[in-house]
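Multiple structures are listed underneath, in C-alpha cells.
Next come two complexes built around subunit A: one with subunit B, the other with subunit C.
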Partner chain A sequence: MSVVTVQLGQCGNQVGQELFDVICSDAEEGQKKTYSAGSFERFFHQNAHGDLVARAVLIDMEPKVINQSMTKAAKSGKWRYGEASHFSQSQGSGNNWANGYCVHGPRNRDVVEELVRREVECCDRLAGLMAMMSVAGGTGSGVGTYITQCLRDLHPKSFILNHLTWPYRTGEVIVQNYNSVLTLAHLYQLSDAILVHENDTVHKICSQLLNIKQISFSDVNKVIAHQLGSVLQPAFTADSHGVYSRNPLGELVSALACHPEYKLLSVCTIPQMPSSSIAYSTFSWPGLLKHMRQMLISNSKMEEGKFCSERTRSLTGFGFNRSLANLLILRGKDVYCAETGGFEDPDLYTSWLSSEESFTLWKSPVLFNKYEKSVTLVSNSQALLRPLDNMVRSAWNMFASRAYVHQYTKFGISEEDFLDSFTSLEQVISSYNQLC
Partner chain B sequence: MTQSVVVQVGQCGNQVGFRFWDLALREHTHVNKKGLYDEALSSFFRNVDSRNSDGRACGVGGRIQNLKARAVLVDMEEGVVNQILQGPLRDVFDSTQLLTDVSGSGNNWAVGHMTYGSAYQEQIVDKLRKAAEHCDCLQCFFLIHSMGGGTGSGLGTRVLSLLEEEFPEVCRIVTSIYPSAEDDVITSPYNSVLAMRELTEHADCVLPVENQSLVDIVNKIKHMSHGGKPGISIKRDSTIISGQGGLSGAEKPFDAMNNIVANLLLNITSSARFEGSLNMDLNEIAMNLVPFPHLHYLVPSLTPLYTLSDVSVPTRRLDQMFSDAFSKNHQLIRADPKHSLYMACALMVRGHVQVSDLRRNIERLRPTLPFVSWNQEGWKTSLCSVPPVGHSHSLLALANNTCVKPTFMELRERFTKLYRKKAHLHHYLHVEGMEQSWFSEAITSLSSLIEEYNHLDATKGKLMPDAPRLSIAR
Partner chain C sequence: MQRSKSAVSVEVKQVIGSLCKLLAATGLEAVPTPETIRRAKFGGGVEVESLFRQLLANILKKTGIVSSEACVQFKGDDRKLVAAGLWQTGYHAHWIYAREEREGEGMEGRSFSSKDLLLALGWLLATGTLENLLTQRVQQLDKTLLTSIPANTEVSDELQLDSASLRKLQWLIGNLRHQGRILLSMLEERTQLIHAVCSASVSSTTPSFSDQSSTVLKDDCIRMRQLCDLLEAYVNWKKVEKSFWTWMDSVVECHLSEPVGKRSTHVPNVSPRVCPNGNPELQKLEDMLLKLPTAQKGQRGCVWDTKDIGKERTHSGLDPSSLPLLFSVPSLPSLSQTYRARLQAEMPVRHSSYHIEGLDERAKAADELQASQAAQMLLQTEAQLLERRDRQRMANKVLLQEMIGRLDELVLIPP
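Let's look at the complex of A and B:
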C-alpha cells in the first residue's frame, strides 16, 4: 500500500526532500528484495523512463524552496519529484496563520486538491496521507491546516498523519506561538495522529551526538528525516507472519492513537553518531534497549550517557514520564534475539489500558541507514506536555495584552477564534496531565 | 517571486534612491555572472527590449536587454532628478517614471502636502499604477523621503496616503530621514511633526534614520581607514559607505551617508530576492515586528561597517558583528536600545552564517537585552546565503524598541518652542486647505504615540506574572 505525502511550506518541503532521500538510499542498499520493493511501493512510483518518482505533492506560497527541493532531488540521480506535482504562488503567507488559513488556502484549494487526487490515483491501494509542515510560519501552519481539512473532507475514511516541526523556543518567528496554538487546536480535530519533532531537541542531537560544529538547517532536517524514515520503512509486526506490514500509517495510528484526546506522538532514535564513527562502533541489543527505556522514563529525547540508576528513580516520582502507548521499532542484525520485556512493564502505562494494548513491537532484520542496529521509539506519552504548555503559556501571555492580534483579525480570525483554540489546547494539556 | 516599487520623493529621497539603484546594480552584477535576467533581478528591475517600440518587458530567464528600475521619482524642483538623468544611471529610468516641477516647496510641508499634493494627485496615481502594472506580484512599496524639508515630508506623506488608498493590500515600508537638531531649515520641526502623524497613521513600517548618526558613522569609518590603528587596513570596497564598483564616478558630498541608507534597503530586501536556508519575506517584517498598529517605528542598525583586509574570519569577529548590532554606535538613529525596552527584534543575516551561529549569539546576548514581558522570545531571524559586495557576511538588525522615544520627544520640544510663539505659522496657514487644526492634531498624535511608548517603558524591569490560564472544568 502507498502513502501520499503532502509537503507544505519551507520547512515541510525541506524535510520532505530529506525524508525521500533517506528512504530511497536506505531501500537501495537493503539486501532484501522484499524490503526494497515494499519501501518503493510505499513512497515511489515509476514513470515511463523507469525513474523513481516520489508520491508527493509540493505546496508553498513562494517558489524558491520548491525549486531548491526539486533540483536537489533530481541531482541525487536516484529519484525525483513528479514534473507536475508541485504548486507555488509568488507571495508567501508572511508568517501569518490567518493569511494562510483564510486567504491562501481557500484561494488555491481546487489546484491543490487536484494535485493530491492525481497522486492518489497513481496508488494501487492508498494507505493514507501524510502532511508535513512546521507550525511556526504562515504557509506550513495556516495553509497546512486548511489543506488538512480539505484532505479530511475528501478522504473521510483514510488515515491522515500530520508531521509537525516545532520551532526553536527563541528566534524563528515572533508570532510562532500564536501560529502553533491555532494550528494544533485545529489539527487535533482533523488528524488521526500528530507526529512531532522539536527543533531544539534535534539541534542538540546535531551538536552533542553528531558533533557538528556549524549546524545548518540541512543537518537538522537530516536528523528528522532519519528518525522519520526509521518509523516509516517496512517492518514486521507481531501478527504479520514474516510478511512486511502493508499499511504503515494505519498500523501506527492503531498502535498509538487509541483515544481522541491523545494524539501527540514523540519520536526518538538511537544510536545516532557521525557517519565516520559508525564503522568503529558496536552495539548490543540489551544495551540499546536499556538506554531507550531510560530515555522513555526520564523523557530525554537524546541519549546522554548518564542516567541515574533505576533504583534511585522511582517509577512514580517527579519527572516520571507516563505513557499511554508506545511503539518500539528495532532494525538491524540479530533483531530476533532482542529482549523487549522492559517496555511491557504495566507501571509505565496508564491504568485504564492493559500493557498488551499499550505496547507494540515492530522488527526488521534489514540494517537501517547504515546503522548495524537501530532502535526507534514512537511514544504517546507526557513527553510533549512541557513544550506544549510553554507554547500555550507564551501565546496566552501575549494574548492577554492583545499584542499582534490586529494582524490576525485583518484576515478574519476573531478573538473568539483564538479563545476557542486556547480552550481546546488547555483541554489537551489537562488530559495529558491527568494521565496516570 | 514578488516585486517591489521604490518611490523617492524630494531632494533627499532622490539622492538616497540614486545611491540605492547604483548599489543594487553593483550587487546584482556581482551575483549574476551569466548576464541572464533572473528572478532576483526582477524584484527591482524590469527587462525591456528597446527594439520593441512599445517597450514591452521580457520575461524572466532571457538575456538582459535594458534594465529599468521599478521606481517613481518625484521632486518639485529639477536639480537632483536632472543630475540623475545626466549621470551614468540615466538609462535605468525613463521619462514616464518622473514627475518634477520647477519651483520647489520652500521647506513648507503644507505646500508639498496640499498645493502640490492636489495639483499632481492624478499624475502621481497614474505613475504609481503604471509601475504596479509592470509587476506580476507587487508586494511592497518602499518610500524614501526626508522629514525636514517641504517636498519630501509634505508631498512624500501625501504619496503615502495615496498608496494606502490605491493599493491597500500592498505593504508600505517608509524610510524617513530625520533632521539633525541643528538643522538649517528653521521650519523643520513643523514639517517633521506634521509628517509624523501621516507616518503613524498610514505606514506599515517606518525605518527612521537620523542625519547625525549617518555623519557619525561616516566619520568613524574615515578615521579607521586613514590609519586609525597601525597594522589595520580595510578592504577597499567593503565599507558600507563605499560606492566602489558602482557606475557613478566621483563621489559627491552626501554619497557616503546616502550609501548607508542604500545598504539598509538592499539588506532588508536581500532575503526576499536571494535564496537562503531561512527566508524572510517583506510582509513578514510588519507581521513579526509590529505588535500594535501605531508602534511601527523600527530602529535599524548595520554591521559590520567595514571589513578588515586580512582574509580569515574567526568566530570572534562573527560574534563581534552580533554584539555591535546592539551597541549605540551602530544604530542609524541616536538611540540606545540596550537601555530601553524591546518589543521585538529581527536579525537579518547575509553570507556564510549558519543557524548555530545565530542561536549561539542570541543565547549570548539575550540576558543583556530587556524585552517586554509578553514577548521574552521576540526574535525573528533570517539567513540569506548571498553576502553583500565586499563582505563575507553582514547583519541588519531591526528593533522595535522604546529607544525611539527620545527622538520623538526632542522633536516635540522643538515644535512646541516654535508653536508657542506662532512663529512662521502664517506661511502654512496661507496655503489653501491648511488649517491650524492640522498642527494641533499632529502634536496630539505625536504625544499619544509617546504616551504609548511610556506605558511600555513603565513595565520595564518589573516582574510581570503570567496571565492566569483558562482552567478546564472536570
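Let's look at the complex of A and C:
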C-alpha cells in the first residue's frame, strides 16, 4: 500500500522534502526488515538503477524551491525525486488565493493530473493521497485547493489527507487570513482529514526544546517532518495481528475523522530535544504518557514541564480541551509494557462517543528517528479551535471593511464566495465549541 | 429515441447478441439465438414461442421468483409457471388471465404470442432480474467473496433523535464508509493479484508446472475465467444497453400499433372477455391497475409531508404491508420509481385499446387525472421550496448587512 504525496507551493515542497528525508533515514536505520520494507513500499519506489524514488509530485509556480528540494534530495545519496515528477512555471501566484485557485490551477490542471496519474500507476495499491501545503500564500493554498479538488474528482474512493501549515499569527503575508479562510472552507468539503501544524507552536519547540538560536524555516520544517513521520511510519494497529498496518491514511482517517463536521487534526510528539542530548537522556513510558495526557488536557502542543496538577484543574472547567477522538502512537523499546489506560478515560471525550470508538492505539517496537521512546498524539479535539477562531475573526474584520477584496474579485472570487467560506467555517467553529 | 431507426437496426443484432452472451454466462440454459429474439418482434412462430417460454421459465426459476415447490406443482407446465411468475414480479398482461379462463372452457391452443413473451422478457430485464442473476452467478463462482450477513434494518420506535445520537449515528456512518473504502481498495489489490497469477499461469505452458498444479487450482482457474467472462459480458452489455431499450421501445410501439383484429388471432377468444361485466377477473385487474398509482402517490406524499421522517418511514415508506394492493407481489424488485411509474402508466392505456368504450374512457380519465395531479403536486412543492429558499436567503442577507453595518464604523489598520 503506497501513499502518493503532492507537494504544493514553497512550504509544501520544503516540508515534503524533509519528511521524505526523515522517513528514509529512519527506515534505513530500522533494525527490522519488515519495518523498513513496509516504509519503503509506502513512500518510495525503485527506478531502473535501483535508486529509491519518492512517490511524490512537486508543484510550484516558481522553479526555485523545487530545484532546491530536488538537489537536496539527490545530495542525500539515499533517495531522490523522480526526474519528471515536478511541475513549475516562471510566474508565482503573488500570495493571492484567487489567482492560484482561479487562474494557475485550472491552467495547469492537465499537466498536474498527468503527473499524479503516473505516480499513482507506479503503486501496486494506492492507500491514499497526501497533499502538503501552507494556507497563507497563493500557490500552496490556492493551487493546492484546486488540485485537491481535481484529486477528489480523479480518485473519489481514495483517502485524501491534507497536511496544512498554518502561518505565524503575527503575520507573514497581509492577506494570510483571507487565504487561510478560503483554503480551509474549501478543503473541508474535499478532504477526508486535515492535519495541521501551526508555525507558532513549531517555532516554540525549536526555540525552547531544541535550543536553536537562529531559527530558520529548515529547522521548523524538520520538526514538522519528525512529527509527521512518526504518524506515517508503519505501526501495529489493534487488529493488524502482528503485521504492520498497510493502510496508514485509511486507518488514520477512520480512527479520527468519521464525522463530516470534525476534520481538524492536531499533532504533538514527545520527547523532542537537540540530537546531541538524546544519547544522555532516558525516558520511561509512564512518565511520557502522563506528560502527554497533561498536554492533551491543557491543550499545550509542546512539553513545557509545568502543568497544573489535575486536582486544581477540574476536567470540566475552563480551558479544558475536550476531544472527539485521539490516536496515540507509541514507538520504541518495551512498547508493549506501556500502560495507556489514562487516555481511555471517558471524561476526556465527548459524551456521544464511547471511549472504544474515540481512542485508538498504534504501537511499533522499532525506534523512531533515533529516539529510544517516542509518543505521538494525533487528536481531533478543541485544540485548534482558538487559532481557527482568531484566523476567521481577523479575516472577517478585514472583510467588513472590504480591505483587499478587489484583489480577489478581479480573479473571479466574489464577495458571496467569501461569505460562503465564512459561513462554513463558523459552522466548524460552532461544532467544535459544542463538543462536550 | 433520438437515434435514427436505421442506425439502431444495424446494431440490434449485435446488441441482442451481447445480451444472449450475458444470459448464457449467468448459467441459464437454452438461451435463444439473437436471431430468434429479433424475430420475436414480428411474431415468430410456435418454436420461437416455446423457446421464449423456456427461457422465461428458466429465469423465473433461477431467480427464485417461482419457488421450487411451486415448480413441482406446475408439473412441467411452462405456460402456467411463466404466467404465475410474471404475476409475482408485477407484470399483469391480459394473456396471463386469458389462460385460466380458457382452460375453464376446456380450450387448448396458443395463449400468447412470442411478442408478448418478448415484452415480458423486457419487463424482467428492466426490473433488475439480470442483476440478480449476475449476483447469484458471481457468488457461485467467487468463493472468496464475503457473503453479506442479513442485518436487521428495522428501526425501533423508541429511537431517540436527539442531537447527540444523531451525531453518533453520523460518526458511525462515516466510519462504515471509510471501512468500505478500505475494503474496496483491498478488493482492487486482490483483483490485480489474481490477474497477475492468471496471466502467469497462461504464459507458463511448461508441462512440469501444469502437472504439479492440483485439481483445486485448476478448478479455481476455470471458475476465475468464467467469472472474468461473465463480468466482461456484463460490461459489454452495459455499453450497448441503451440501444437495446431503444429497440424494445420499437417493439412496444409495434405491439400497440397492431390492429386489434390481428392481435386477436394470437389471443383467441378475446371477444367474450371484452365485456367487463362478463369477466370479473379482468374487471378486478383493471381496478387494481387504476388504483395502483393512487396508492403509490399516497405513499410518497406521506413521506414528503411528514416532519419526523425517521419514525414515519417505519410506518409507511418502506413497509410493503401498508400497500394493500401490492401485498400479493411479495418480492417486488427494487428499481427506480420513475421507470416503474412509466410502465404502469402505460398499462391501462394499452388495455383500454381493446375494451369497450366505457372502460376505455374511465381508464384514460383516471390515468390523466393521476398524471396531472402528480405534476401539480410537484409544481406546488417546487414553488414552496423556492419560496422557502428565497426567504432564507433574504433573512441571511439582512443579517449580514446588519453585521457589516455595525462593523463599518470600525477603522481597520492593517498590521
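Convention: the second predicted complex is superposed on the first by the 436 of 436 C-alpha atoms of A that agree within 3 Å, B and C clash if a C-alpha of one lies under 4 Å from a C-alpha of the other, contacts with A are read in each partner's own complex, and residues count from 1 in each chain.
As a convention for this text, contacts are C-beta pairs under 8 Å (C-beta built on N, C-alpha and C of every residue); 3 or more make two chains touch, one makes a residue touch a chain.
Computed from a predicted structure; not experimentally measured.
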item: Comparison of subunit B and subunit C by subunit A residues contacted; value: B
item: Contacts of A:R386 with subunit B and subunit C, given as first, second, both or neither; value: neither
item: Partner chain(s) touched by A:R107 [first = subunit B, second = subunit C, both, neither]; value: neither
item: Which superposed partner A:M398 touches (first subunit B, second subunit C, both, neither); value: both
item: Contacts of A:K333 with subunit B and subunit C, given as first, second, both or neither; value: neither
item: Contacts of A:I174 with subunit B and subunit C, given as first, second, both or neither; value: both
item: First, second, both or neither for A:R117, with subunit B first and subunit C second; value: neither
item: Touched partner set for A:W352, first subunit B, second subunit C, both or neither; value: second
item: First, second, both or neither for A:R125, with subunit B first and subunit C second; value: second
item: Subunit A positions touched by subunit B in one structure and by subunit C in the second; value: 170-171, 174, 397-398, 400-401, 403
item: Subunit C-touching residues of subunit A, taken from the complex the two chains share; value: 1, 124-127, 157-159, 170-171, 174, 192, 247, 250-251, 253-254, 257-261, 351-353, 357, 397-398, 400-401, 403, 419
item: Subunit B residues within the subunit A interface of the complex; value: 1-2, 39, 136-137, 139, 275, 277-279, 281, 283-284, 286-293, 343-344, 347, 354-359, 362-363, 366, 373-381, 383, 466-467, 469-472, 474
item: Of all residues in subunit C, those that touch subunit A in their complex; value: 164-165, 167-168, 170-175, 177-179, 181-182, 184-185, 188-189, 192, 400, 403-404, 407-408, 410, 412, 414-415
item: In the complex with subunit B, residue positions of subunit A that touch it; value: 10, 62-65, 68, 89-92, 94-96, 138, 168-175, 203, 206-207, 212-218, 220, 392-394, 396-401, 403-404, 406-407, 422-423, 426-427, 430
